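Across the two complexes that follow, chain A remains constant while its partner is chain B and subsequently chain C.
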Partner chain A sequence: MTPPLRPIVDGLTRQRGVRASLVVSEHDGLVIESSLRFGQDGDRVAALAASMYRKARLSAAAACLGAVAFLQLDADRGRICAVGGRNDLVIVVVAEPGANVGLIRVELFKALEMLA
Partner chain B sequence: MNIATVESWIEAPLKRYVDEVHAHLALLLHPSGQVLAQAGFTREVDVMSACALAAAVYATAGELGRHVEGRAFGGLHYAGPQKQLFLAPVATSRGTFVCLTVFDDASSLGLVRLYFAELCRDLADAAPPLAARTAAPSFMNFEADLNRNLAALFGRDEVM
Partner chain C sequence: MADDVRRWSDELARDPNSLVFLELGETLRRQRLLDVAHKIALRGLERHPQNADAHDLIARIAVDRGDLQTARERWATVLQLVPGHAGALKGMGYLSFQEGRLTEAEQYLSHVAATDGGGDDRVTSALATVRRTSMSLPAVPEPPANAAGAETASESLPHDPQCLFADLLVDDAQTALLLDAGGYVLGGIYLDGDGADVSSDVGAQLSGITDEVRRAMRHLDIGEWRSITFETQVAVVAMAPSADASLVVVAASRATPLGLVRRLLERCGRRASAWLERGGAE
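What follows is the complex of A and B.
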């Protein structure tokens, strides 16, 4: 049984510098649960981040690199971090450029364990 | 992917949409079943069949929505084992059209919905003003209109 997802995304969004966190279906690209700060378009982020994660996973598999552990995209005004589990779920965090990625990574893996 | 449109203002928005969502097939049609644009089809008969079926599904789903919650459903998604389809209306100044999109695992429902919203905006912006509006398809001329549109899409002389 899937645990309640709301506390997971709320916990991630409480981290310093995190603008949004979402649990997304990798296959459908749809939001399952989200915690968004003002100005974030959850549906758009979910669709594109799920697509990106899926392509990264397929690329890693094609290159015989094994499973994708952690995906990070750095952009001018922030970054997207994502982790995925054995089920179809991907946890996505949108963070500010100055956010502590190490801490976000740790929290994402903790959240992933809760989903497993 | 080959894209053909009966009216030129449809082409650029539809091409962008099809490219972004990696659609296998796309159709834009009038709710009566008259085709306005197609992407990915190679045979006229397939376009005719798909238009007829899409128009029927759209009408059925709309009526079902009106029964269930008092208004037509906004969109319809069906996920098959390998391919999925998304059927939804597009409102423009030229009237409401129906868009059928067929996609597979290279895309996702989230991406299709995201870019479909952009397609709706792009088509609404690109549609010629009402003054230049052409007559809505009438049942009297349905077959002639259908043949004319198919001839335009597949670049052949019209057969009456």
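What follows is the complex of A and C.
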């Protein structure tokens, strides 16, 4: 049985510096559940993050590096972190540039366990 | 062991104020029963909030759960209560090493070694590892505004493109590549487990990620991308854009702390910029 996803994304969004968290289908980039701060476009983030994660997974596999567990993208005005590997689901967090990414990573893996 | 757990549990049931929760919690932690161990430790701490060993126990459980932030907070509390607490110093040393703060890690571990007279082999071994890593990663000052130029002036750049990053890599499991905008290798080398040069294949595959990243950046409104890091089953890979639309790729074994990989990426990025500015292999 699939666990309720709402508490998972809400828990992630409560982390300091997190603007949005989403559970996304890696296959089609559609939002399955999301928790967004004001001003975030969930559909757009979901589609692009899922696409990036998928590309990273395929490229890493092609380079014989094995499955991708965690992905972090740093940009001038924000960060995107993602974990995946459970039933086509990817959990995505959009955070401020100064957010504690170590903590976010830990919380993402905990959330992934909850999806198992 | 099961008898001990039962005996301690009974004792705790009889006397909830008993300090036996420390032994019980630690034993359960070693048996990987982390949730139960955490509950026992928290209950004990409620009754003994000034007990440094109780905070230490929670910190060790937090590390096992991957919650390094909590571990750091707890060990900081331990050191406030008992400055010089060996368990907390070892723990802080471990956390600092994991986060790539090698000087700090060495300070903590040196403190423990000095306190116990160098009698703990594990501390001696950990200290040697930290020092070895520190020596392999010589201190580099923060990059000035014209970082590439400054680095060119301060070091001689390798002429063999394959050796571009050789002196920056800490061990055999680390590798670095400089790729051009089309995914072709400009410098560095990527060897597989059998020692074969797979730079071109790996470079071409990984450079494809950046096309996806650039596309995403145009729509996400978070500015220009600075780096991308991902952990796979066998490696940690980090990439960053460099001069002339090139790309620096660093890979290390999965056991390498993320902080160290990112530090290595910065160093390789500076080296690549300087090298390209000089005109590459000329």
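The rule is short, and it goes like this: the second predicted complex is superposed on the first by the 115 of 116 C-alpha atoms of A that agree within 3 Å, B and C clash if a C-alpha of one lies under 4 Å from a C-alpha of the other, contacts with A are read in each partner's own complex, and residues count from 1 in each chain.
As a working rule, a residue touches a chain if its C-beta (ideal position, glycine included) is under 8 Å from a C-beta of that chain, and two chains touch if they have at least 3 such contacts.
Remember, it's a predicted structure, so these values are computed and weren't measured experimentally.
Colleague: After the overlay on chain A, what do you see for chain B versus chain C, clash or fit?
Modeller: fit
Colleague: In the superposed arrangement, which partner chain does A:Gly102 touch: chain B (first), chain C (second), both, or neither?
Modeller: Only chain C; A:Gly102 stays clear of chain B.
Colleague: Considering only the touch criterion stated at the top, classify A:Ala116 as touching first (chain B), second (chain C), both, or neither.
Modeller: neither
Colleague: Touch test for A:Asp43: chain B only (first), chain C only (second), both, or neither?
Modeller: A:Asp43 contacts chain B only, not chain C.
Colleague: Who does A:Leu30 touch here: chain B (first), chain C (second), both, or neither?
Modeller: First partner only, chain B.
Colleague: Once the shared chain is lined up, is A:Met52 touching chain B (first), chain C (second), both, or neither of them?
Modeller: Touch status of A:Met52: second partner only.
Colleague: Would you please give the vertex angle at the Cα centre of chain A, with arms pointing to the Cα centres of chain B and chain C, as a multiple of 10°?
Modeller: For this superposed arrangement the angle is about 140 degrees.
Colleague: One more residue to check, A:Val68. First (chain B), second (chain C), both or neither?
Modeller: second
Colleague: Of chain B and chain C, which one touches more residues of chain A?
Modeller: Of chain B and chain C, the partner in contact with more residues of chain A is C.
Colleague: Just how close are chain B and chain C at their nearest CA atoms in the overlay, in Å?
Modeller: Checking C-alpha atoms only, chain B sits 8 Å from chain C at its nearest point.
Colleague: Between chain B and chain C, which residues of chain A are contacted by each of them?
Modeller: The answer is residues 44, 48, 51 of chain A.
Colleague: In the complex of these two chains, what residues of chain A are touching chain C?
Modeller: 44-45, 48-49, 51-52, 55-56, 59-60, 62-80, 94, 100, 102-103, 105-106, 109-110
Colleague: Going by the contact rule set out above, which residues of chain B touch chain A in the complex?
Modeller: Listed in rising order, the residues are 105, 107-111, 113-114.
Colleague: Using the touch rule from the top, collect the residues of chain A that touch chain B in their complex.
Modeller: Per the stated touch rule, the residues are 24-25, 27-31, 43-44, 46-48, 50-51, 54.
Colleague: Quick check: in the complex, which residue numbers of chain C touch chain A?
Modeller: That would be residues 66-69, 99, 192, 198, 201-202, 205-206, 208-209, 211-213, 215-217, 219-235, 237, 251, 258 of chain C.
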